[in-house]
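Chain nomenclature is as follows: A, B and C, assigned in order of appearance, with residue numbering initiated at 1 for each chain independently.
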């Protein structure tokens, strides 16, 4: 068996006395589309933040292609080929759409901290940026400040920034949150298109999106994964049913 | 557009399309392969202007003012690499200019070494020393931006300024360090005895530094400085360490600040504690912000205007710093874009050919406002004279008029001018606003709406 | 031994004075995220107002009224200046307060001129409280300690025991929640800014007679106050207290004991170079502790920032 793209072992996180993530073991294979679902407050975003070193875990390890990520900074993890989007749109609003994407390409195209290359004289950068813009259908918006785009367009741009650097593990945090049906369908298609052949890990509330996209699903409840498997198996799992129905019943009281 | 056409996918009117159509202040060419002509034109024009200026202003004091301007331009541009482009507010940036300048003075005094190269490359040494210091300080100060960075810059600035009276060997104590620029190797026979020769040396360095700083802003690390300024966390998830991006900006800024210090050394042949202290750091913040931090050319405008105001106003009144401070505070509160921001606000109206609609309303509001402000200044001056002039010295001269500051009539006149001027300005302000809106709205046949806000 | 006691008292006076400024600054910072650069300017205004009032009504009325005026001015600055700039972000806010500091200094020069004001210790406190083996301790110093401690205890009481204090403490951490609970957070901000500046005003009133009332007094103390709260850890009230006292004592002791760098270096086993005057390190060799007393806080700050970036008691690094 080949090394999984992402492997979590005994991952735990406490804030003060509250244990938010209580020991997660998860292994996600190469080119797998994996969705993490669960009721509100289950710790899905925290899990994302632990994997990408936005928070330091209390215990446990994260391995990317078999390599331990403990102690690395977010930018170092990104350079190893893991890229993420955010639950709240996180772009550079004052810059143009074009520049947003170009910034995302700089490191991976090897420009690093160069202060001798002129970005607008580099054909590979311009072409690469245009290709990404084409993929996310924002070519015609490319010279507008990103902050003036519509919400759905900003989300698309965020996905574009996330995939632009050519990372092979993509993590999307609720990419369709707050969208209308047509927008959701559009973003779902977009995700399918841009993550072709890559490992995708996403947190999502919209079950339609999850069951349409994911190869496998993990259900996170109160900081623990109670089930992992193919969509059909997860749907049939008694504990999952209970967790969701239970939560729904609790919410009614 | 393929799948996602907003006109079909979104309910009609859900997103105002005209809002997106054009923002004329952001020409699309800016990012792309811009025609070389347009890119080079401002630099050629600026260089030509710098060449011709001494033919118009021939006397030495004018040259001195222009040199002062040039030095301030380099320093302000360097400062804006931090503040405008990198989002780092420094309260101690004079230190890097000062240390660069002091280093140049010491090189001037090392006669053998100094005689081995022409004076024109001396500012380079200033830059290197400024850069060296910036590397040391930046190693710990660029860890974060914002308030913490500002505080560290202040602390380090104060520390080095205080050292200037303790480390006498380098800073020369109270008297500073002085030297003679003419001991350098002659540069094609030029020994820089004449002010005009120094002018051309300074002008050449201004153009070179400004060009390099502009090009820096177009490089990967320069673009990422903007990205880190706006959203450091996102930049980290694009593979860039915010800290290192800030560090590179800081070091580059230190280099050009050092260059400006070297130019100062050449021009004045003396450096003192004043070149390093917090007051000088404050002045450069003021200059840069006044000019506008949002545009590359902002600090240039700031440096030119500030130097003029300083020279002209300080000859006229003791209170010039008070006026400069008021102007600065008003800028921060009402025009955070500075002068450059004010200028660029008019670009949409010009592009639509409707700027002329503004001329008359501007005259109607700004002229009375200017008169009112002059009246206010007269009141301030009279108050100052009333309070601080020696007893019995009741006469003062203001706007070429001599009068008794203890008599009631001048007070009434000045007060009336102030009230009437500001009153008219206030009364005509709504019509100016209307004119502004209509100048920024395309004729009714089109649906384009400019950035009136 | 006696000298140590005298220095302890002197350092305590300086430290508590610093604390009166750094406490207000910390409160304002942790509440609004604004580092008020003009804080020391309000301290200066306190001294000048008190001087002006003391001419007409005497020292005690000055002590009572001047801080009130300063507090009202401070609240006005928050309401009509800072709140306006707030929407542009933190950096413009900082620039605003910096500009305000410049303007207040110019304004003070405009009204009172450039010279030091004859603002003196009131006669009733102008005597020697006690002497420690020949070194006289003026009663005014004891008075300063008394006032500072009283204010500190009052502040602690208000913050921990009263309803207003609890709302303030809650607003420090969760301004949105507190607002949602129906409290007027902008009003609280304005109030905290007013109280913070009034505290600086009190410090000015009681420090004016001993440290001098002149237009540069704000900048002399201002940067030290910033250093203090950076060392203590931005936003930590206890940190501000500890750092204030630390700086008070360090500078006092450095000034009173003439420690020479030459002795230290010799003690470390480095011998003095023979022709010292030609050495480029001559300034290093001839350093004495009183000479560097005033820059010790800055050195301390740089060291703290290198080894403990969050400050002594700081929780947040940003």
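FYI, a contact is a pair of C-beta atoms (placed from the backbone, for glycine too) under 8 Å apart; a residue touches a chain by one contact, two chains touch by 3 or more.
The structure presented is a predicted model; accordingly, all values stated were derived computationally and were not measured.
Chain centres were defined as the mean of their Cα atoms; on that basis the chain farthest from chain B turns out to be A. When each chain is reduced to the mean of its CA atoms, the one lying nearest the mean of all protein CA atoms is B. Mean C-alpha positions place chain B and chain C at a centre distance of 32 Å.
Inter-chain centre distance (chain A to chain B, centres taken as mean C-alpha positions): 42 Å.
Chain A and chain C have Cα centroids lying 48 Å from one another.
Residues of chain C found to touch two or more other chains are absent. In the complex of the two chains, the chain B residues touching chain A come out as 1-4, 6, 9-10, 14-15, 19-20, 23, 26, 28, 31-34, 215-216, 218-224, 226-227, 230-231, 233-242, 244-245, 248, 252. Residues of chain B touching chain C in their complex: 83, 87, 89, 91, 140-141, 143-144, 146-148, 150-152, 154-156, 158-159, 162-163, 166-170, 278, 282, 285-286, 289, 319, 321-322, 325-326, 328-329, 332-333, 336, 380, 384, 387-388. Chain C makes touch with chain B in their complex at residues 29, 33, 35, 81, 84-85, 88, 90-92, 94-96, 98-100, 102-103, 106-107, 109-111, 113, 219, 223, 226-227, 230, 234, 280-284, 287, 291-292, 294-295, 298-299, 301-302, 305-306, 309, 317-318.
Only residues 52, 54, 73-75, 78-79, 83-84, 86, 90-96, 98-99, 102-104, 106-108, 111-121, 126, 137, 139-145, 148-150, 152-153, 156, 161, 165, 180, 182-183, 186, 189 of chain A touch chain B when the two sit together in their complex.
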